[in-house]
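There are structures below to look over.
Note that chain A is present in both complexes that follow, paired respectively with chain B and with chain C.
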Partner chain A sequence: MKAAPFAYVRPSSVAEAVTALAEHEGMARVLAGGQSLVPMLNMRLMRPTAVVDVNRIPGLDTVAIGPEGGSIGSLTRYSTLEASADIAAHLALLTTVTRHIGDRQVRNRGTIGGSLAQADPVGEMPLACLALGASVLVQSVSGTREVPVHELLLGPYWTSLEPDELIVEVRFPTAPSLFAFSEVTRRHNDFAVLAVAVTATRTGEGFTGVRLAASGVEATAILAEDASAVLEGTSLSDAEIAAAVEATVDVADPSDDVRASAEYRVHLLRVHVRRALERLRDGGDRV
Partner chain B sequence: MSDKVHVTLTVNGRSVDADVEPRVHLADFLRHDLGLTGTHVGCEQGACGNCTVISDGVALKSCLTLAVQADGSEIETVESLATGDQLSPLQQAFKDAHALQCGYCTPGFLMTITALERRGGALSREELRGELAGVICRCTGYETIIEAAEDHLAEVAARG
Partner chain C sequence: MVDLLHRHTAAGTGLGVSLPRVEDDRLLRGEGRFVDDLHPFQALHMAVLRCPFPRAQVVSIDISAALELTGVEQILVGSQVAERSEPISVLRPVPGAPDLPFFALATDVAHFEGQPVVSVVAQSRAIAEDALDLIDVEFDPLPHVSDVVSAMEPDAPLLHPNELATNRLVTNNQERGNPDGELAASAVVASDRFFVNRVTALPMEGRAVVAEWRQGARELIVQHSTQTPHLVRKQLAEALRLDEGSIRVLTDDVGGGFGMKLGIYPEDVLACLHALELGRPVKWVEDRTEHFRASTHARESVHDASIGATADGRFTAMTNAYATDLGALNSPFGSAQLTSITFGGPYNVEHIRTERLVTVTSKTPIGAYRGYGQPESNFVREVLIDRIARQLGRDPLDLRLQNLLRPEDLPWTNHTGAILDSGDYAATLRMATERVGYDALRAAGRGPRADGRLTGVGLSCFIERTGYPSARFLANRGSQFGAHEGVTLRANRSGGIDLITGVSSFGQSSETTFAQLLSEVTGIDAGLVRVHTGDTGASPVNTGGFASRTTIAAAGAIELAGLEFVGKALRIAAWLLEIDDPTSLAVRGTDIGPRDSDGPTVPLADVFSTAILGQGIPPSEAPGLEATAYYEPQAAAYAFGSAAAVVAVDPETGDFTIERFVMVHDCGVPVNPMLVEGQVLGALAQGFGAALMEELRYDPDTGQLLNGSLLDYFAPTAADLPHVELLHTEVPSPVTPLGVRGVGEIGTIPPGAAIVNAVCDALSDPQIELSRLPVTPEAVWRALADAAAKGGRA
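== the complex of A and B ==
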């Protein structure tokens, strides 16, 4: 199918972009990588009056990541994240999940900001950003605000962004030293049926700052805070892991869809939370 | 509201000036406006990869890029590979390995592999399969395509 007509705006600064968004009073859409937006335009699932192409805004794809975290510009492409030595060294979970997203062509175009705004319920990037405690800096004509990712994601393809707001960058606190990621897909690099990401720091015999996030079991990726509490300071014994698995299942409420039944999703959740935590105990995943 | 936009770009080394409607994607622009029908359209949703072209050195699906976005870019399509009737080494590798049957997917694979070849670096068979996973073929079962790509990339590496 072919897209319905729309006007094309190509701002050369963030200020110009948010002005264009405001002028169209919620009827314009930001065009970043286009890997979700353009299919929706082509299928006429979306008929904006204007498309605001942010691809030529200088500086919107700056990666500034170090030992204390930092920021990633919203227009940074998956391929850039995948190849960044700084991200591999300090936010290795991001490098790992990026390799599970789409194919080479999709990763050459798709952006971190676009994937957070798209809020696919099983998107790898929202899940990883949730586990890493990231937030987004958003801008509109009325100013800027910082939104934690857990407040950004409201539901499937639904965020707390106003239609005239642009995600400018994604901010990361210091990442815990360990992570594990476990995902189920029906085909290589397809959208996930379910995924689990966990991060923590080892202090002596115990693990602290455990953050466990899961997707595919709720309307959006979730943080299992009770499971984190169960595990805090423990050595992740089999019994502690089993308790965390049940605490995660308690906050999950999956529904049936084309990829899997609700019952099967709960089964998968048990298996993959356990595996991720066991791997974390054994030293975590490597890039 | 959907006024045409003037674009200037380079396609296969030739400079192109055109007025395009913003809603037209790059694959349709190449095929309908420029007559470059080597770029194939299978789904217009980003799923089949048959429309893959190279834009400023990067492989992308041309159904997911608007033609207006290509303003100022250098686009390469499958038509850039052969010289007259003379197949390029990659095309010859496809022929030798029987890497096509109906040929619908072939332009997408050729352009994906061309971008990969320029990126350089050795790849395992698994990594190569991963790099080519964005193009769908309904005929061959992929084995011969992977073989052709492997043979070609090995030859390029040997030539240095």
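== the complex of A and C ==
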């Protein structure tokens, strides 16, 4: 298990990094936390001509989160997210999901930007960012653009990033006040069989700003827009939750793998969407 | 129970003392010395091209581009290896089975995914792997077989047409009484087909070897991660056509073996062949991807089993016809051999038959793994017993107590000739059920708790064969090793003893326990004992560390050698102290002095130095102070116990947690109680893994391994394991030195049945039967869904 030969590039600025990416014409890979990339290199599942190590670029790990949301630098480690009081106060779902990511070593290295670029279909971070309505700011030699996460994630390990684009920050709108998160794993903090995240704000008797997302039931994390619409403005009655469960199942198309069969995933999706919504109705989860 | 055993020697470091492991200090400091820590001067590195198909004809191999790569030193293909070496021998052959030749590289047909096809040696592992990319092998995939059931279908492809007429290697039958007649006459019979999963031992250190040939010295030094250095030497000599005197195997720290590191594998032969021809050290360290395909797997069997009982609950007969998967070829230890011996378990059953059908498939060869067939038989039997209880409307505890062998029934010879030596089996079951609060759990309502979960309790009674019942037993099975251990004790001038053993140090704590055994026998402080392991150039030719046998056999050897050694030491001490009767003296920690009174003493260092110098010793004594002894146990000791699991099942998802797990266990006299607990808990972790999560899965169409990485082979982490409440009884074995029983494997045995029985108790629906390991949440959900479809549960 030794990587095939590659060039190693260690830029000291974003400009240098995207220049290197452009020069390798789509054959370079960005090294951030390396928790997915390095094993894939060693198993020769990935054979880039160059690895662009962004770890020494200053200024990519700033957390600027307040009551109206804000931004998180792409190189921010999971353990930093996990420990941030601002994130716990204003993006509590993000704090919660980091505790389900890998182990301590993984969280000390893995980054939010790396996770979104990797687009693992059952990754917690893409799911949470989807539920929170986040977007990414990406930069290339030709400039910057902002991409909503639901447009970023195209499939397993597949994003709408151009090969010469680097995610520099993740932007969050004001988060709804309530969330619920459920995850099923085969063992402690393993890759998810399935996960459900939902956010909303209670307005009088009703719930608004409902965003329901799920992973493990499609080629990538999905936003269940019809289910969210079914619930918008309702009091999350049992009947409304049941309708949302069906609307979520309608957009799910899981496959079999060693973790679970497709059939079982659909069953789990029904159970966990219902339970997450019931918990949301009861005041939601806490960090 | 019997508490005669916490006797303390003068030194206080003998039997029954929880001395800390002497191995830990170096390991915790990062000073362990594993094969990958060795960096010989000018070492070369080997990489192996492996068959990617379950079965394939090797049509052609083109190595020309790889040979041109800078840094590549040598490439070997199958035809060259077949000229230069013999097939790998089998240490523990399946009785009655024909040979299936297993060369270090596939010659014309590769029989499993991961079988070595080409080996490359280069200046670095990375270059060697780059060279693999440049080798062009044309494979012609052949029909394959993925499981033991389809292997015996009439239209199954014949996997070894030159050696076998079918895919059945051999059938071993053992029967006593009239099991079929008794079953037919039984008031109730529980029968089912059970599936036991294919798992892998998964030591944290994979296999590893460094081979170096010094032509002028005619010596091949093989540094090897193994449980059996002397058997590795034997097998390498045979495969390489060398005399044993030309091979020295050195084994330092081993990062776990669990039965998987018994004997040699193809890569060992390849590294040696390259080293012999290149005259430079060749190093190969297995990576995890290779490990999952080319290191032996374990278990995997299908059982058609029945248990019958009378209306009042007495077991009448048991039968178990089971097909075990050998994989594609023999490994050093082949498919597990203890299922038949332990199928009757701790029960009084006269009429019993076991039929072992050893079957070949197109998968990685099966080898020994902690438990070696005993978890399988326990799962099948204990689950069937609960079904009998359900049919009779009896409590599973009562039913077991009614049928367990009583202390006065022992020794009990079962249908295989195995002799259960001693123990109070029912006492362990009562202790386990009292500890877990069995009666209250059974009396509690069957409805869901406030959290929606259903709780249940399940039992599992077990035995484990520890050690081998003599070399005669092994000879009858064609085994290529004996039942004995040998040790050498040698005094040093500092007053310490060098204990030299061929047993290597792979986590089983032999360095600590051997020192304690010697302390027990001689009175010498264990801290004065330095255990030297794993050097075939220095140690007595022994058997090795496996089969829960090391402590039993070594205890005898240490006792014999220790008595000889200390007898001479006392004679020399008496001479130095000018005392007539050496038997009035005794070792007391670091000195020798009067056994029963105060008086002059002499330090061991003085006695040992005098003996080594050879000046001033009694005229009747030879210089030096050294003793070597061998000991062969004449019978196996059967460890035993009972387990109780409490589970809470989410009936909506099938998810369940093990809320309590109580295990009562007897290993006879514990040498070191703390290490006994460590062994049992470690084996339990592997038992829980195999019962709940671990399974090597193959694609039924392509025949390829689906989860050959730590990413998706679900070995449990510490966070996944339930808290275990471990209790012990201490019934000394009458058939072993010092009354010890082996302890290495027992934890792997009870979890599967205890958990399945607890889940079924929680669901309390007679239609729900779980007959397959691992028992996953999805499996429980499916069982619930199937029962609901049949109209059993709303």
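Operating definition for what follows: the second predicted complex is superposed on the first by the 287 of 287 C-alpha atoms of A that agree within 3 Å, B and C clash if a C-alpha of one lies under 4 Å from a C-alpha of the other, contacts with A are read in each partner's own complex, and residues count from 1 in each chain.
Simple rule for what comes next: a residue touches a chain if its C-beta (ideal position, glycine included) is under 8 Å from a C-beta of that chain, and two chains touch if they have at least 3 such contacts.
What you see is a predicted model, and the numbers here were worked out from it, not measured in a lab.
By the document's definition of touching, of the two partners only chain C reaches A:Ser261; chain B does not.
When both complexes are overlaid on chain A, the residue A:Val51 reaches chain B alone and has no touch with chain C. Comparing chain B with chain C, more residues of chain A are touched by B.
Judged by the touch definition given at the top, the superposed model places A:Val38 against chain B, while chain C stays out of reach. In the superposed model, A:Arg186 lies in contact with chain C only, and not with chain B. Once the two complexes are laid over each other on the shared chain, residue contacts for A:Val271 go to chain C alone; chain B is not touched.
After overlaying the two complexes on the shared chain, residue contacts for A:Asn108 are found with chain B alone; chain C is out of touch. Once the two complexes are laid over each other on the shared chain, residue contacts for A:Phe6 go to chain B alone; chain C is not touched. In the overlay built on the shared chain, the residue A:Pro121 is in contact with neither chain B nor chain C. Once both structures are placed on chain A, chain A residues 1-5, 43, 188-189 are touched by chain B and, in the other complex, by chain C. Residues 124-126, 129-130, 133, 287-289, 652-653, 655, 693, 697, 706-707, 711-712, 714, 716-717, 719-720, 776, 778, 781-782 of chain C touch chain A in their complex. Per the touch definition, chain B reaches chain A in the complex via residues 1-3, 5, 21-25, 28, 44-46, 49, 52, 58-61, 63-66, 68-69, 112, 116, 129-134. Within the complex formed with chain B, the chain A residues making contact are 1-8, 10, 31, 34-35, 38-39, 41-43, 49, 51, 53, 55, 79, 102-106, 108-109, 188-189. Listing the residues of chain A that touch chain C in their complex gives 1-5, 43-44, 184, 186-191, 257-261, 264, 267-268, 271.
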